[in-house]
Amino acid sequence: MIVTNGESWLHFVFAARGTTLARIWRRLTLNVSFALVMTLGHMTYGWLDGRDVTPLPFTLIGFVLGIFLGFRINTAYDRYWEGRRLWGQLVNTCRTLARQTQTLVGAGLGDAALAERRRRLVYLVMAFPHALRMRLRGEEAMVGDLAAFVTPTELEQLMGERNRPNALVQRMAEQLDEAYRAELIHPMHLSLLHQSLTALTDIQGGCERIANTPIPFAYQVLLRRIVGSYCYALPFGVLSPLGLMTPVVVLMMSYAFYGLDALGDEIQDPFGSDPNDLPLSALCRTIEIDLRQRLGEAELPEPAQPHHGQLL
Amino acid sequence: MIVTNGESWLHFVFAARGTTLARIWRRLTLNVSFALVMTLGHMTYGWLDGRDVTPLPFTLIGFVLGIFLGFRINTAYDRYWEGRRLWGQLVNTCRTLARQTQTLVGAGLGDAALAERRRRLVYLVMAFPHALRMRLRGEEAMVGDLAAFVTPTELEQLMGERNRPNALVQRMAEQLDEAYRAELIHPMHLSLLHQSLTALTDIQGGCERIANTPIPFAYQVLLRRIVGSYCYALPFGVLSPLGLMTPVVVLMMSYAFYGLDALGDEIQDPFGSDPNDLPLSALCRTIEIDLRQRLGEAELPEPAQPHHGQLL
Amino acid sequence: MIVTNGESWLHFVFAARGTTLARIWRRLTLNVSFALVMTLGHMTYGWLDGRDVTPLPFTLIGFVLGIFLGFRINTAYDRYWEGRRLWGQLVNTCRTLARQTQTLVGAGLGDAALAERRRRLVYLVMAFPHALRMRLRGEEAMVGDLAAFVTPTELEQLMGERNRPNALVQRMAEQLDEAYRAELIHPMHLSLLHQSLTALTDIQGGCERIANTPIPFAYQVLLRRIVGSYCYALPFGVLSPLGLMTPVVVLMMSYAFYGLDALGDEIQDPFGSDPNDLPLSALCRTIEIDLRQRLGEAELPEPAQPHHGQLL
Amino acid sequence: MIVTNGESWLHFVFAARGTTLARIWRRLTLNVSFALVMTLGHMTYGWLDGRDVTPLPFTLIGFVLGIFLGFRINTAYDRYWEGRRLWGQLVNTCRTLARQTQTLVGAGLGDAALAERRRRLVYLVMAFPHALRMRLRGEEAMVGDLAAFVTPTELEQLMGERNRPNALVQRMAEQLDEAYRAELIHPMHLSLLHQSLTALTDIQGGCERIANTPIPFAYQVLLRRIVGSYCYALPFGVLSPLGLMTPVVVLMMSYAFYGLDALGDEIQDPFGSDPNDLPLSALCRTIEIDLRQRLGEAELPEPAQPHHGQLL
Amino acid sequence: MIVTNGESWLHFVFAARGTTLARIWRRLTLNVSFALVMTLGHMTYGWLDGRDVTPLPFTLIGFVLGIFLGFRINTAYDRYWEGRRLWGQLVNTCRTLARQTQTLVGAGLGDAALAERRRRLVYLVMAFPHALRMRLRGEEAMVGDLAAFVTPTELEQLMGERNRPNALVQRMAEQLDEAYRAELIHPMHLSLLHQSLTALTDIQGGCERIANTPIPFAYQVLLRRIVGSYCYALPFGVLSPLGLMTPVVVLMMSYAFYGLDALGDEIQDPFGSDPNDLPLSALCRTIEIDLRQRLGEAELPEPAQPHHGQLL
């Protein structure tokens, strides 16, 4: 995520990093070059004399394109925002689980063994966001990083798991079950804790749904064909009235159209590490800080800082 | 579902499979041929001299068409996405039920009979997505495939059922009831498990709602009449200014309009096995893998692979 | 609900039943006749020479009309879909109540009296959708049809009730209370059953909300005034360029505008028995079949069949 | 709320009551008069010769205005519909509370004192919608009307309360607590009843949110400035082509624009007693009838009737 | 929040405070000056003779801009309204927690120590909205103000916390735990109270999500580039037909476009203290009054009053 902090309006206009230009410069250059060639051909040799298209169809098809692109950015943003909402719920659920662990599991008993049991449980909770992030970003090789939160035995078990976040939830349930059989949790409160575990499972499933389900293929195909035809046909429609200004106008319009499409591409899968993606690592860190402080730990990690203006 | 994996922009423009062309090429060809005939007639014999319509009404009606098509793709996509969301919840609920079964039903007791009881319950859970998929796709003849998950007696009972997924939920409830009477489940935790069963019932009902309720008939009629009139009247509006380019423009616009409508058709019922439909079989497999691993099984099936780029 | 089953595209274009034409042919005929008279008057006597309006204002007002009609169909469809969703939830809740009754009320006890008690409860659940349908469709005279599901005493009580679905829920609660006092239900599971009853009450209230709350009056007034002025003023704007084609264009545009408005009217109250309304009777039947099969009844009614292509 | 009952299409076009005309006739008259003066000045003295603006900017700005007005009516309607939804939930929750009181509070005991206790509780529930309506409509002086539902002592206490609906919920909780200590309610069922009380609190908060939070001021300012400039500048853009028809066109367009804005104003705060506001009194009456019948009372009040076509 | 109270329509048109003008006057002035220079240059020296762009591309790009700006104000308003909804839920949850504390924690016992215990808990609840407001507005230095609600020890602990609202929820949970161990709360009702605490955590997380997640950077960049190019290129498109009116038209259009963008900026982060932001302080006060009255306190603070028409 690109972090902004009251930057001026112009900062946005002239930004280089994190814009969609990197994705579209090739097709943009090609399109504008084509317009340039047609313009020069027409100005010099009169290629299109008596053969130019009037702007009429561009107006007519403009309605459809507008609606299609509007649909595109709305659905892409909805996916982005739902992803963010799910990670927000993850923050909430981890905080809630920490609170429930501290006050409902053998609460009030000053036993050191009990405190350790609670600490172990909260550490498993801290491990969950990391495991989920690795799964969503395909960083499954980084599983060793979980060693900070789980015992070596647990880590080895996790290694053999195909679905590590789910295995962590199962592990929490087993620990709760142990505590329950040791009569440290009231059956009713065990229900409450299980509901929080269910929330973790729902969050994981929600993220996987967004990550694994693209916008339907046929939508993309239709949109790109319409946009492509439009931008390549544009010179024929505006050469007569615009003359030498044609390539400039084609540049502006194709930047707008290709840009909107590329923006949808970038935003619709919000769990990657593109500049406009969600800062999953920073959110993991936030959860870690909150939970460690709730455990009374004195040495807290620092919140994640943006790197070249980007929070990962 | 067509699986894409970082294909280039051009891949979408020139794709053949999974686009809407297969659905609309007939009406498209007819429409463009009509435009061609009118154009040639006009160029050769001056059919429309002094009788051509100005482009004005096309602009005026364009607003309405645009809004109508926008509504069309939005509702179709909402149905698609709600279908996906329901199957995502199915994944979550199955994982949750597996966890609850393993940790709330006679948990901590090392009894082999008990482990078998839990295994049987989790196998019923695995059977549910398959049964739901068969119901939604009208593959009820494949009911034999459920033999992998249920006992022969249960399978025979299922054969006689009109609503098999519902019967499976009932079967789970009965098994839970047995365990409850054997005092293996706390009454409070039975409530929790029953809530998960209710979630299964809600998911089934949601899928049936989408599959059985089309977009209101009168909407479709009105939309198709407007689109049809528009595309067939178009040559009269653009022949004078465009001349020989008329059929090309008619092709572009009718491809856009018919294509958007056909796209809505394809997406709005997302449980079929069209190229753009949801990969129900793959999701069933995902659930199976997750649950089998939770049961500690060593031989896990492989995740479903796309066949010619399509995940079923 | 009009049932379609893979009909061709042309079927929709040339359909007669279930379209909005029945609602609008009068105002459409009047409007087009007016356009015809103006056209003939202008062509013959030059009525509008030097007095015709340019198309400009029609373009300008087109934006507003488009947005207004877009709002109209979106809200109407939202109401339709919410109605469908509520009846879908009704299907789910009835199935859930049947399962809960069978497995939580004195479950496992083989007593015949107990089985009868459960059967009575499930029959009350079956009666609820019928009672709700009658209330929503104003078929309160058909209350005798409930005799199939309730005892004669209960039926007589229902006769005296102003709000019969609500009285049925109350009756279910009383039966549960009896069972509870007979120690056939655990207090916790009574809570679960009561939550399902609350769901029934919420569904009823949701349906009543849609049925009793029209789109605000002032919206309808403003929309119809704008549409009416637009369609009657249209000939003045297009007579000069279009000449004899004017009535055709007026026909197309006023069909689109009046049709969209009428479509909103038809869809926004989805509980009637118009061709495009929801098939409440068929849904009641679906519930009945599911629940009877869960009770182990052998003679199941057939699913409702469409009559002249319409499911009631 | 204006009640309609199958009125013809023309009824809407020529309605007088409940339209937005009452709100906008002043600014409409002024605007059209201005257009008239400009037209006459131009026709007679050629005021604008060579100085008239082309219609171009009106088309350009039309997009923005259209989107802005679309946003306006959508948000206004969302507020209206959310208000209606909240009152619908109020109906549901009151019905549910009545059922829960009758069947979970000392249920089955035939004691007259107990029946009175339940009656008292249900009467408090009936008082809540009235108290909420008074708060939302600023009718706090009518608090005496609550005497029909609460004891004189309770009424006096309510007099001193700043937030009467909230005090009523508290009073219900206290009565439940008394019953609980008298062992008439199972602790689990007390939870259920408390959840219904929480629902009442949530409904109240939701209504207060809508009533107290206007559309952001800056939105209104920007919208009204654009609409105002547009409607006053319009004559300059259309005088040349339209001539004497200018005031008619200005009337149509400014009626549409001012009307849409005024409509948003009227609908966005749906709890007043304007013709298009929600019929809160009628809903209170509906709740009262339902609950009194559940208590077995024989004399039920009549449902509220529309007065001059308006339900309050 | 700017408070309006039936102000006339003109009040909005001529308002100075709280509009977006303060944010955009610089870029507006620059843009209009540029248009002025171009106009004068063209009128005097014929700078653009034969080189002016036709209005065509402005119409074409208008669709995209309109859709983009529509998306902008919709998402900004959604964030605003979600923020308001979260604070509305905060009001509800605090009222609910107060009611639950008064009636479920050792309820009915007349003990003074117990009353004090309940008072302490309700005071912690009152502290939560203040702590959340400080966190969202970056007023963490004002933490001393919490002294009115917490004990000196608690205040000192809070000082050392990075996440104070979360620490307050933890503190409430600890107090509930103490009461639970003293057998003043039934385990089931403790669950209910814990659910309310979870609601507080969810509200906090929701507010943080809105405050910390901007609209994706690339969206802003693309939008501002299109708007900027559009407004600076506008004179080239309209100089020929409009002549000296060009700067006026440029002013109107760029005010609309820059204004909409700035409005989005102002509204999208609704927790600041800009004129159009949410009145968090006033909401904190509302909660305080409600809760103090529930505790039976006689001296209630006054509701917050708008200062120069603005509620903070």
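A, B, C, D and E label the chains in the order they appear, each numbered from 1.
The criterion applied here is as follows: contacts are C-beta pairs under 8 Å (C-beta built on N, C-alpha and C of every residue); 3 or more make two chains touch, one makes a residue touch a chain.
What you see is a predicted model; the values in this text were computed from it and never measured.
Participant: Hopping along touching chains only, can you work out the least number of steps from subunit B to subunit D?
Facilitator: 2
Participant: At the interface of subunit B with subunit C, does the proportion of residue numbers present on both copies reach over half, so same, or stay under half, so different?
Facilitator: Homomeric contact, different residues on each side for the most part.
Participant: For subunit C and subunit E, what's the span in angstrom between their mean Cα positions?
Facilitator: From the centre of subunit C to the centre of subunit E is 38 Å.
Participant: So how far apart, in whole Å, are subunit C and subunit D when each is placed at the average of its C-alpha atoms?
Facilitator: Computed value for the inter-centroid distance: 24 Å.
Participant: Two-or-more-chain contact residues of subunit E, please, as numbers and ranges.
Facilitator: In subunit E, the residues touching two or more other chains are 59, 63, 66-67, 70, 188, 191.
Participant: Line, ring, star, complete or other: which one describes how these chains touch?
Facilitator: Its topology is that of a ring.
Participant: Round the ring, from subunit A on through subunit B, what is the full list of chains in order?
Facilitator: In ring order, starting at subunit A and going to subunit B first, we get A, B, C, D, E.
Participant: For the complex, which residues does subunit D have touching subunit E?
Facilitator: Subunit D residues touching subunit E: 27, 51, 53-54, 56-57, 59-61, 63-64, 66-68, 70-71, 75, 161-163, 166-167, 169-170, 173-174, 176-178, 180-181, 187-188, 190-191, 194-195, 197-198, 201-202, 204-206, 208-209, 213-214, 216-222, 224-226, 228-229, 233.
Participant: Considering only the defined contacts, which subunit B positions touch subunit A in the complex?
Facilitator: 1-2, 4, 9, 12-13, 15, 18-20, 55, 58-59, 62-63, 65-67, 69-70, 73-74, 77, 80, 84-85, 88-89, 91-92, 95-96, 99-100, 102-104, 107-108, 186, 188-189, 191-192, 238, 241-242, 245, 249, 252-253, 255-257, 259-260, 263, 266-267, 275-276, 278, 289-290, 293-294, 300
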